[in-house]
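Each of the next two complexes has subunit A plus one more chain, namely subunit B in the first and subunit C in the second.
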Partner chain A sequence: MEKQQFDFIGKSFDIKNIGKATGKEIYTCDVNIPGQLYAVVLRSPFPHAEIKKIDYSQAEKMGAICISGDDVPDILYNERIVSIPEKTYRDRTVLPKDKVRHVGEAVAACAAETEEEAFMALKKIKVEWGKKWRPLINLDKAMDPDALQIYDHVYLGEERVDINNNIACERNVDVGDIEEGFKEADEIVERTFSTQRVYHMQMETKSAVCVPEADGGITVWTTSQGIHNVRILLGNIFNIPLSKVNVKRTTLGGSFGSSIQMNSITPICVALALKAKRSVKLVTTREEDIYDHSKYPLKTILKIGAKKDGTLTAAHCRVWVEIGGHNIQAYPYLGCVAGWFASLYKWKNLKYEGTAVYTNKVPSCAMQGYGNPQINFAVESLIDILAEKLDMDPIEIRLKNYVGKGDEFWGQGPTVRSIIRSCGVEEMLIEGSKLAGWDKRTLPSKKKGDIRRGIGVARGFHTSGTGGPNPGEVIDYSGATIKINEDGSVDVLTALMDHGGGTWDAGAKVVAEVLKVPYSKVSIYSGVDTRTTVFDVNTHATRGVYCGCGAIKYVAEKVKEILLNYAATLFKDLPENLELTCNEELGQAVICPRGIPQNYMTLGEIAEHAHITSWGTIAHTATLRQKNCPPCFITHFVEVEVNTKTGEIKVPRAVIMGDSGTIINPDLWEGQIIGAFSRGLGFSLLEETKYDLNNGKLECNGMITDYKIPTTIDMPKVGSITVRSAHTYEPTGPFGAKGMGEAALSSVGSAVAIAIYNAIGIRFYELPITPEKVLKALKEKEGR
Partner chain B sequence: MVPFKYISPKTKNEVLEILKEEKVKACIVAGCTNVLPNIRDKKIVSKVLVDISDIEELRGISKEKDKVCIGPLTTIAELTNSEAISKEGEVLYQAAEQFADPIVRNNATVGGNLVTASPAADMAVPLLTLDAILKIESIERKRGVRLKDFFIGPEKTILREDEMITGIEFESSNINKNGCFIKLGLRKAMAIAVASIAVNLEVRENKIAQVRIAMGSVAPTPIRLTVVEGFLKNKEVNSNGLIEEAINKVREEVDPISDIRASAEYRRYVSGILFKRAFNKLT
Partner chain C sequence: MKKIEIEFTINGKKRRLSVKPNDLLINIIRNDLFLTGSKYGCGIGECGACTVLLNGEPVLSCLTLAATVDGKEITTIEGLAIGDELHPMQKAFLKNGAVQCGFCTPGMILTATALLKENPNSTEDEIRDYMRGNLCRCTGYIQIVKAIKSCENNLETS
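Right, the complex of A and B next:
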């Protein structure tokens, strides 16, 4: 399709979110209700133990309201309801009734007049522990047939599922015949890879405020990526009609996936408020937060085969993920990992076997890429190895085999498949290699000196949303109400969440573009709630722009239709003869009969007319499901500098090519890519939540003084990161747009590891690649 | 959360009175950058917090005839703005510049850093090679202690419960003017050292007239490497194989442990590398 000329899309304006810049923005922890109680949570010091009895009578004597497992509904639920119910595993209650399964799991909570009193009361809660077991920390130990069972059984939808060998769920996919495929291959390579647990380290820790209403309903403010799912879950758990559950949206202080599910403290806060019959506020500390969620680690054994000319013939991928003490979304995760794997290259024949295993660790959940960076590390590393074996340029082998335009893309596991309609892979690899000086790359054997430079290339992608032509196992739709105000300004009411990546800005631009209203006159107010908005599934899966803004565009177009119909009555003309444009001088949208600009009326005049004649509000509400979840692509060229004396790794330069179709927010788009690069460097080189094998506690003890992520000065200098976009247009996206957020992280780790290989000739199969590991490997290589 | 008592005395003597009264229950608070995290981590519980941050007489840097005096309340940021420090004790200046980030540097004090007695303490390492003397006072008596005799174990010092540090001094001398500090962390800012080194060196007629070497994070306390110092003394600076032999001796003299940041083995190895880097910078 032709590139269009836009008035607002792709332009940068003054900061929309002045509230953040001035500190006036309201986050959940800023919400205060007169007369509220303050809640605190008692957490398990044990990784796996029986709860015999919890006695909180002493705490109650101090005036606190307390709850334990006995006080919460018997409802078994899964905190993430993005998948359809039949594919959702349920293993938890609001507070555990019999056992704790990881250190830091909530066991009781209390609320009191002040935070201090609440803490004092908490100390008086007595937990009588029964049996205590050694924690199952490692994957292999947990799967040992003799290992203790963390669960006896759980539920999949309504069906009871027995748990054996701590295997939470499995997922296998076959395409073609790999045996035949490997027979055709001239070269076969196989390696084992592993990626670690890392902590989301989002700025805002989880909070909740709950007001029990006079009619038996509740009003809740909570840290969340999707308020409607929180509403549905709370209604189900506490048996309150959804019309009486209202969840308010507040701005998110970052999330990285940690609030796709309803946070564990949200129903605790509600249970306390219902018991106290008073408003309750619960704000968690950083230490509690580290013990609440983690990225999924992944172990992969990957085998791939290719012909002499580099054509791939088969791939066999086996993965294991240890998920911690609760199954939040392991089944869809295994499906998505299969999809990311299957959609990177044309394997022709593939076999995928995935296993998720319970351990006594913090529950894993989605984090920026949902398995994509993990499996990308394995695939891209192995493709690089294969290229070397075949004596092919790493770029050439990728160009030969990538999944691109016209091919099938699994945007959310094997059940959500779409056809790729826009693809910048080739452009990004070729243009990127020019910008990065790829032709000057030398072999590891040619490097000399204590400090060695290397360059690596890796490519990745992510889906934009989770809706394919067939809905599959995932719920995906969004909606909005858009109304033109009496002065011609526009209100957009949508439950769509913005994590800080600019989703709302994009939404405002889309509306401005459709209705030709100046961007500054479109308001997407953050403080909406579930009662006044239609459903939006969640801002996850890089769906904010493609799906969320796709739905907003659809509604805006309906509003435009209503507007033109109404205007036609004023102009005594047909709507199709009218033209809607933005008049910059007037700072207004204007309508005129096509070709007669002097006969214009401003949108303000038209809206006012509709108002004073009591015609009504020019407005529309609807939901929309986007149906092609297109991949947004990324390519990383990363340069590293390895100090062979200390193992330190610096990243002096990077060229990052992104393909998001039309880019709606150019500055924020670049910000997403650079931000993800920083997080990716942490994932590649630095971060890991390590556990004490004996007591199941985190070695950092929950303190971020001992959990490091890269700082700004660990990044390449500003001028040394080059970010460019491909020239593509997604025909199914709003104004040609796809997503970016998660794609931006997917190939950072791979590119860094490949660059390190290029510098020192050593492959790393395990992240993070710390100085210590580098030095050890160097010593082994040199036989030192 | 646990209850604390908080007092904010206005003079040094008031502080000393309180320390005498409260003994172990008292906990001096200066910049609070160690005390607060320790409260969060429940390492400090139910104490009387004695906030000394208002006591002006404990703050500031002054250059006297043959020495530099630093008040214990002097912040790391103040060190990085001091000409006296950059001229007379450059090694300390370099360490201050690499300390945490600007926000922490504005709060963290030199006294607090020393008394915390972390094996990684970034102020201790350069002050060891400046051969600093601590002025210690209680209501009953005053004493001066060499910094190298101050630390006795991880987070343990010779300071008694009724004592506080009231001053830190080092000589204005040739060796103190020629120093180098290097810190190896897991990231470039806001990182506790995996290993750190300070070296002060005075070369006369191509010979090592005086040398002081200190390291952090490679032993139960910040340490002076006296064996290596003894080995280097009076040797020709560029004599053949000198550095290689010294590197081996460094690796023998350090006594690191494995922890969340690095293994003992790695620390021992990079100690030698850090020494080489620092020594080469000074010669």
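Right, the complex of A and C next:
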């Protein structure tokens, strides 16, 4: 590890979230335009039905502006354009033209002077429904050759693809020869696992505001993880030059992947504004939001083989994912699941087969981990089973087989790979086991009483971004404009989004560190849009710090170069003889000839000089593509208490070890890990969006009182979660940093399930592990 | 619909408004008074993001009819700081990393101030129980509970 002294990196500044603590932060739903109309959306009550005709004349008589499928462009698009066009499936229009494919799908919308008037008008829209079909809810039913086809055909890039057996797409990967691999094995284990649909439950529901401009352009505010992709999509759909589509960057009220794609309501809001020739605001309800997006569920049949000494020899992984009524990103998803699977352990020989299937459910989309928590549950559970069969310690078998430094990591499926250059896995397993008291762990057979305690370990990771030495199927670059103001303060203009995890805070610190400007004098938090920034693909794939701030650092270094060159003319010296430091007393960056600190000039003086002599602005703009995708690692040691009378599971304690290389925002880093742990507990123990098999509606009816997420009382107490960082340095990252966000969730479910096994001796292969399932399993075990 | 004249104090200022009998307090606060710090998270009392203080008590503004606040005193997140001096609870949230996306934060902070006013020496269990109606999806709550605990005995002097 390289030792570096930092002025700003690794420190926490309370000021960063001041807007959020004072109510001044502006989210999309807080944007108001004088004279705006309010929009509401009519949604399908049916899971699969033909739309014959939509008559909104009565609503328009009330003064509302209305749209249906007939009013929107005939452009078939995919709302997520992170993948390259030829790997992007297209199956939707702004509003459906002929049929709906899930309950809650938008069919029409209207805008009026007040929200109340809009709702009154919405009631007057008449939909004449044609054929109505029973929903295809379950994977197996949807794939049945006799099942009704949800789509006849879709497009992959420009190529027409016929859909058979509702299979949206498939993806297979082979490495080595698994038959040979399994022949070498002394022990082979195989199990089937399944994970459920989970709702993102980001606190801010999806919103959009659109202003039609006089020149035919539009200005749009919308909940989004990537404003430039929204710009490109809106321009393409509505045939507006991209220079006239301006998408504003606003703060996100959480996202967890739910806004990687352009949200379904964004183009609806735009279509209404263009028709009305008025500004339109659309804020969705919580019920609408639950019917808009979901985590991808996964069914996995996994078979692995190992020698007596624990060395793995082969793995065969067969997965199915049901994706709901639209294909947002099933193809890259299947690729990523293959990559997470391939990068957890050195299988030597592997076979992966993935299938994505349409159903009449809410469209699935990315949610923290993008398949990683799902496949991790299968792999880590099965590794635990294998260790038991081989009579090996679960930590030992992991240490023997993990993919680490010098090995290849698949950061975004088979086409985006890079060599691992920093890895804290060993340190995390060994130090974590000490902190967790692993050696005091007893076998399930030794536990007594109604309340049984167990401890489990699982490890995971996520990529940091989607860059590789060669560009793969995913677009990945970021950029910034950085300028030094006339008083020595600094503006950072970037489209990089922050979900709340501190990406902007990290960006400000990186700039402060390079230019030695006090953190409080770097502005990154507000005031940008697509017109004032260069492209940034999206804050997804845990790329914010590694890729986004990597690009910001690159630009800041260029600015530093320009600054030193200019300063050299003032000092009548060479730039390489000058030194840039932060003078805390002055609260300024200062430049002096190296070793002669008394001859300093402040950055403010230099910038002012450049200004009054009309030299110009010390500034630079550039984009940068990271050429690696280093994994950030995580290890969870989780303790559970299972009440054998009620089936309830409590989590009193956890030790979580993280490897992000250099940590830029320590308080938010820990906060991300603990936050992900709570979402992981929801995923493991509580949450599932269940469907009524007959009418295709959600059993929770869109209510969060009936879709439970963890609250304050479900979490361990203060001090009961120990979070520690590995001592690593990522040589390709900004100041040695990698990501953390999604990694933090990847092994929670696995560790919880393994801990439950350690407590009661029962393996669970299906999440969530609810009290009902625990009681049922206990009864079966006892032969009751 | 016949409008009703109401007069109330919000963040220390007297306001007089005409509201419809079915107007919700959250809409009056956000759309008429442009105090957008109070957030709409569910509209039906499930999440706590719209919490404001009504005569010092936390209420869900999405379930409160505007007409019922006549003669009462409302505090929203915008009214908690005194001038440039943040309220100790705001400082504690910032200091303890209890803020991520920030959407639940106004409701969390207001509910927490009410808790410590009711019971300045709340135990951790009491804090967890009192705050259970305020949902947060980002933080996992621990830093929030820690922030509130750090404010104990601190609020009385504020």
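FYI, the second predicted complex is superposed on the first by the 782 of 784 C-alpha atoms of A that agree within 3 Å, B and C clash if a C-alpha of one lies under 4 Å from a C-alpha of the other, contacts with A are read in each partner's own complex, and residues count from 1 in each chain.
The definition used in the following text is that contacts are C-beta pairs under 8 Å (C-beta built on N, C-alpha and C of every residue); 3 or more make two chains touch, one makes a residue touch a chain.
Predicted, not measured: the structure shown is a model, and the values here were computed from it.
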Q: Would you check which partner chain A:C629 touches, where first means subunit B only, second means subunit C only, and both and neither mean what they say?
A: neither
Q. Touching A:V752, do we find subunit B (first), subunit C (second), both, or neither?
A. neither
Q) subunit A residues in contact: does subunit B have more, or subunit C? A) C
Q. For A:T711, is the partner it touches subunit B (first), subunit C (second), both, or none of the two (neither)?
A. both
Q: Would you sort A:L429 into first (subunit B), second (subunit C), both or neither based on which partner it touches?
A: neither
Q: Classify the contacts of A:T646 with the two partner chains as first (subunit B alone), second (subunit C alone), both, or neither.
A: first
Q.
Tell me the contact category for A:I232 with respect to subunit B and subunit C: first, second, both or neither.
A. neither
Q: Considering only the touch criterion stated at the top, classify A:R679 as touching first (subunit B), second (subunit C), both, or neither.
A: second
Q: State whether A:M703 touches subunit B only (first), subunit C only (second), both chains, or neither.
A: both
Q: Tell me which partner A:S12 touches in the superposition: subunit B (first), subunit C (second), both or neither.
A: second
Q | Residues of subunit A that lie at the interface with subunit B and also at the interface with subunit C | A | 285, 703, 705, 709-711, 713
Q: Please name which positions on subunit A make contact with subunit B in the complex.
A: 115-116, 119-120, 285, 287, 645-648, 686, 690, 699-701, 703, 705-706, 708-711, 713-714, 770-772, 775-776
**Q.** Touching residues (chain side subunit C, partner subunit A) in the complex
**A.** 30-31, 34-44, 46-47, 49, 76-78, 80-81, 86, 90-91, 93-106, 109, 124, 127-129, 131-146, 149
Q) For subunit A, which residues are in contact with subunit C within the complex? A) 12, 14-27, 29-30, 32, 200-205, 251-256, 283, 285-286, 499-502, 667-668, 670-672, 674-679, 703-705, 709-713, 715-718, 721
Q. Okay, in this complex, where on subunit B does subunit A touch?
A. 1-3, 37, 40-41, 101, 184, 186-192, 194, 260-263, 266, 269-270, 273
